[in-house]
Amino acid sequence: MAGTSIPTEAGLLRRHLMLSRSASRLQRLGALAARGALLLVTCSSVFAVIFIFLFIFRDALPFFGLRGFAEVFTDTAWYPSAEPASFGALAIFFGSGIVTLGAVVVAVPLGVAAAVCLSDVLPFSVRQFAKPVIEMLAAIPSVAYGFFALVVLAPLLQEKGGVVLSVGACLAGAPLGLLAVVVLSDLLTSRLPDPSRPVVRLVLMGGLCAAGFYGLTQLVQLLLRLPIHSGTNALNVSVILGIMALPTVVSVSEDALHAVGRELREASYALGATRAETLVKVVIPAARSGILAAVVLGVMRAVGETMVVWMASGNAAQIPRPWFNVLEPIRTLTATIAGEMGEADHVTGSARYHVLFALALCLLLICFVCNLLGEWAVRRSKARLR
Amino acid sequence: MKRSTLRTVILLAVASAFALAVQTRGVHAQESTAGSTKIVVDGSTTVGPIAKAFAEHYMGLHPEVNITVSESGSGNGAKSLINGVCDVADMSRFMKEREFKAAVEKGVMPVAHVVAMDGLPIIVHPSNPVKALTVQQVRDIYTGKITNWREVGGPNVRIVKISRDTNSGTYETFAKLIMKKEKIAPDTEHVGSNGAVRQRVQSTPAAIGYAGLGFVDRTVKALGINGVYPDRESVRSGRYPIARPLFMFTDGYPALGTRLHAFVTLHLSPKGQEIIEDIGFVPVTDY
Amino acid sequence: MRLSTRKLLDRSFSGLGVFAILLMVGALLVLLAPIAARGSRAFVFRATVEHRQFMLEESGRGDHDAIDAEIRAAAEVRRKAYDMIARFEEELEAAGRSERRELRRSLREVKDHLAGLLGPAPGNARPVLLRDQYGQTRWDRALVGLGDFLYVTEYDYSDPSGMGRPLLVPRVDGFRGTSLEPLFAYVEQNLERMLRPRLTFYWRFLFDEGRDAHFFGGIWPAVLGTLYLTIGTMLIAAPVGIASAVYLAEFAGEGWLISLIRTCIGTLAGVPSIVFGLFGLAFFINTLGVSDSKSVLAGCLTLAVLVLPTVIRASEEAILAVPKTYKEASLSLGAGQGSTVLRVILPAALPGILTSVIISMGRAAGETAPIIFTAAVSLGRPLSLRQTLSQPTPALPWNIYNLCTEHEAVDQIRHVQYGMVLTLVLLVLLLNLAAILLRARLARRLAG
């Protein structure tokens, strides 16, 4: 094919393009080699994951050989350095769980609300402004968050904790309470005959308002009396972790909301639904897999965070009484690893060293499962919307 | 045009990184009779201030040397020494049998240099009216038998217990001399360093904690233990019940004349003793 | 439900969203405001004559004659105070025995506090620690010291139901009727003339080494360490990450290997940072032995593994965002797949890739947990390029943790801690800002 001999312009061009068979084979070989090399490089992440699992497994398994499985997961006595040592990490798992739960409680409602607002409510210009803010929140190093939690927030909570909490409760409670009063009185009076309805509603509203106000004052008094023994506690860490997880939750759920097409929204508007109704009853359910993915990713961020919890959680390996008392110090998996790695010496192969790797393995598995769950949710949401 | 600006940006970034690296006052690693110019120190947070001050003092005299100091806990210091990743292990406790065994197996011969003496004051907030406790009372507080300051003559306030992380020699000293194998209650807060203990106690009126002598200042109150208050005199005479030596460990005794030797014997020089004293610990030669 | 209620619900729903966004903005402000406000005081503060003296004596900076004159002028004012003490000491000799012991103890405290404010008294031996050789270098710390000098905090334990209440007792009360009484008023009135505070812009805070456990000097070793770690990490992660992204975006089909790779990248992104630290120690230092102690190199390798997924994902997105037509045009002109990628797609995707690299740099700069076991120390010199292969370095994130928890005098060096946090946050935010601007430019270019 390359052997055409007429030196026309077209021929020149063709010769340039169409290579001889041998050359093309060479080139194909080269391309193949390059592709192979690229694939190898790409596989480096696979190797990294394999090595990470391998190394953690290698040092974690001896622990289970030495001490069995039951103790770590069922006992709350964490005395790795005592003689005889006990390695009950239940309280530590609980600690990780409660701060993660706290972070989710802070991050998910706010994050989803913000995402909805960004994708459906606010004009484009505001979004241009809000996006960098979210990115900056995500970019601030965790040690800076930890510094803030330890140096600013902890003393504040300890000295003026009651005031801070009651201001928070009033800020959140008053508008929500008013809204609930309006809606409730409306719902309760909707069956009444017409002339008496406005009167009854007004009376009901007044009564409910009074009751709500009374409840709020009681709550505030309760909060003001709360004994806060230390500012480095589960609440402090939960709030900070929640703020750290917010950007993830916002951006992933915004993507999910975007993926829900215009058609669904327009159909809903056409049926006379308000924007809120459309969002709550149509868009969010349609995007629920994506939002689930957002929650899962937020959880991963909170579970794996080290510096903030190490600096500001108090590191007490206990299950507070009652368990939901977030004003007590707790201890998490990551902080335990970071804090105790120093003493545990792998040269002597003590159970104390291996238990930390066992905890790391659990942490790794939690994150692995979360990741799989998140990927599955994303895939499902894509498939469903297609 | 746009591509060229982009390229300029990249070039500038690379160039500035390079310039930074070159501009840094480089210390050329040179092997000489005085040994390596690099000394890596790792270990106890209690010994940390001494090691840092020694390092700065020594580097001030010998600008070609780079001494790095990490404060990661006594156990970590021992581990690093055994693995050969540090030259000097600061420890606020003695090496354990297991650690010795592991070291010898790896061909490392740990040699202890006692650099200073340290007491372990039990500290409370200065607003706390309690002035002194017995060892038994401290133990009962930390095991959770005593939970209220009222039970030891203070006001009716719940005790907030602060302890060091279990990776510290300070913790081990406390566990050995005070707790006597009893377990610390699980609601005790654990913090990562002596400084953090003092900070927590100083900001928490109901707190109790313990830290090295050099970390205790006017912002906290050191309690008398069995009637003895911790100070230089009572620590060195052994009357204060919670006292201990502070160590630096090296692999074998460093060859005479090397920089390492000079560094780990600094505490024997008058300057070294003055440094130790000024930081707040008790020099070993102070008898 | 009534229409008005539905409308109200609708509005409140929007309100909740706006509130959430405002809360984020607020959180950012609340977080950054103290850091910016107090961090800047590490750079701009009212420096006393002690600061200038320190600078002159330790690093030869400043106008020798002017500072000498200032020191003399300050010493002139200080001498009166020292004279008062000397006179009082003479007087003390004449006092009764028990009274003398009591007064002597109080006098020692007074002298200690004065030494803390003004440095060692003339005639005394030069202390060995730098922190004791100079008085307060910062006026804000000097005011705190003045408070301690003038007042003793005693506690009133009369209320048995609670903790003691702090009472500020003027120190002068203990010396009423003695010749030391006027000292306190004198120092209070003349402290400004003794220390001569002047607003100073200490930009060298960034470029000075810390002296005497950060009581003096700056944070250059940590800044440089962070720069090394960040740049080194990117030198390793960027080629690998971009190559992976190219393969995944351009060459990979659908198959078990590819989906395995993608799952692994996702998993890697989710591995907690502390686990990376353990892995880096076990793999790079103890198994591969890239260096015989912690080192910048080991830290870079560990951080590179950590940021790899971020680089891959963002670069892949950038490559996929290149319009298909570019590629088709190149292929139809007869260019091979390889040269299409190299000459057409990568240049077009470069700003996007650069964005991802910059964002990952920010991540690498701020990570603490992975470098605890692999690279970071609390004290060390700034390293030369060659030393990075074998020696550990201070780094901003670790030193922030170290200084605000482990330092023996945490309260006295708050400004250094805040200064470090500010530097780190600024570094990361500037990197992110660069990325945002780059992306905005990219969006404009793709749009027009």
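Some points to look at:
Order of writing sets the chain letters: A, B and C. Residues in each chain are counted from 1.
The working rule: a residue touches a chain if its C-beta (ideal position, glycine included) is under 8 Å from a C-beta of that chain, and two chains touch if they have at least 3 such contacts.
The shown structure was predicted, so the numbers you read here are calculated from the model rather than taken from an experiment.
Among the chains in view, C has its Cα centre nearest the centre of the complete protein Cα set. Taking B-C and A-C together, the pair of chains sharing more C-beta contacts is A-C. Look at where the CA atoms of chain A average out and do the same for chain B: the two points lie 36 Å apart.
The distance from the centre of chain B to the centre of chain C, with each centre set as the mean of the Cα atoms, comes to 22 Å. Each chain gets a centre from the mean of its Cα atoms; for chain A and chain C, those two points are 27 Å apart.
Touching of two or more other chains is recorded for residues 341 of chain A.
Residue positions 72, 83, 191-192, 206 of chain B are each in touch with at least two other chains. Within chain C, contacts with two or more other chains are made by residues 372, 405.
Listed in rising order, the residues of chain A touching chain B in the complex are 76-83, 91, 154-155, 158, 227, 229-232, 310, 314-318, 320, 328-329, 331, 339-348, 350. Within the complex, the chain B residues that touch chain C are 2-3, 6, 10, 17, 20-22, 24-29, 38, 40, 42, 45, 48-49, 52-53, 55-57, 59, 66-72, 80, 83-86, 125-129, 155-157, 191-196, 198-199, 205-206, 214-215, 217-219, 271, 274-275, 278-280.
On chain B, the positions that touch chain A within their shared complex are 72-76, 78-79, 82-83, 98-99, 101-103, 106, 158, 160, 165-168, 171-172, 175, 181, 183-184, 186-192, 200, 203-204, 206-207.
Interface of chain C with chain B (complex): residues 127-129, 132, 148, 153, 155, 157, 159-166, 211-213, 224, 227-228, 231, 285-286, 292-294, 347, 350-351, 354, 372, 376-387, 390-394, 402, 405-411, 445. Chain A contributes residues 16-17, 27, 30-31, 34-35, 38-39, 41-46, 48-52, 55-56, 59, 109-111, 113-114, 116-118, 121-122, 130, 132-137, 139-148, 150-152, 175, 179, 182-183, 186-187, 190, 243, 246, 250, 274-277, 279-280, 300, 303-307, 311, 334, 337-338, 341, 357, 360, 363-364, 367-368, 370-372, 374-375 to its touches with chain C in the complex.
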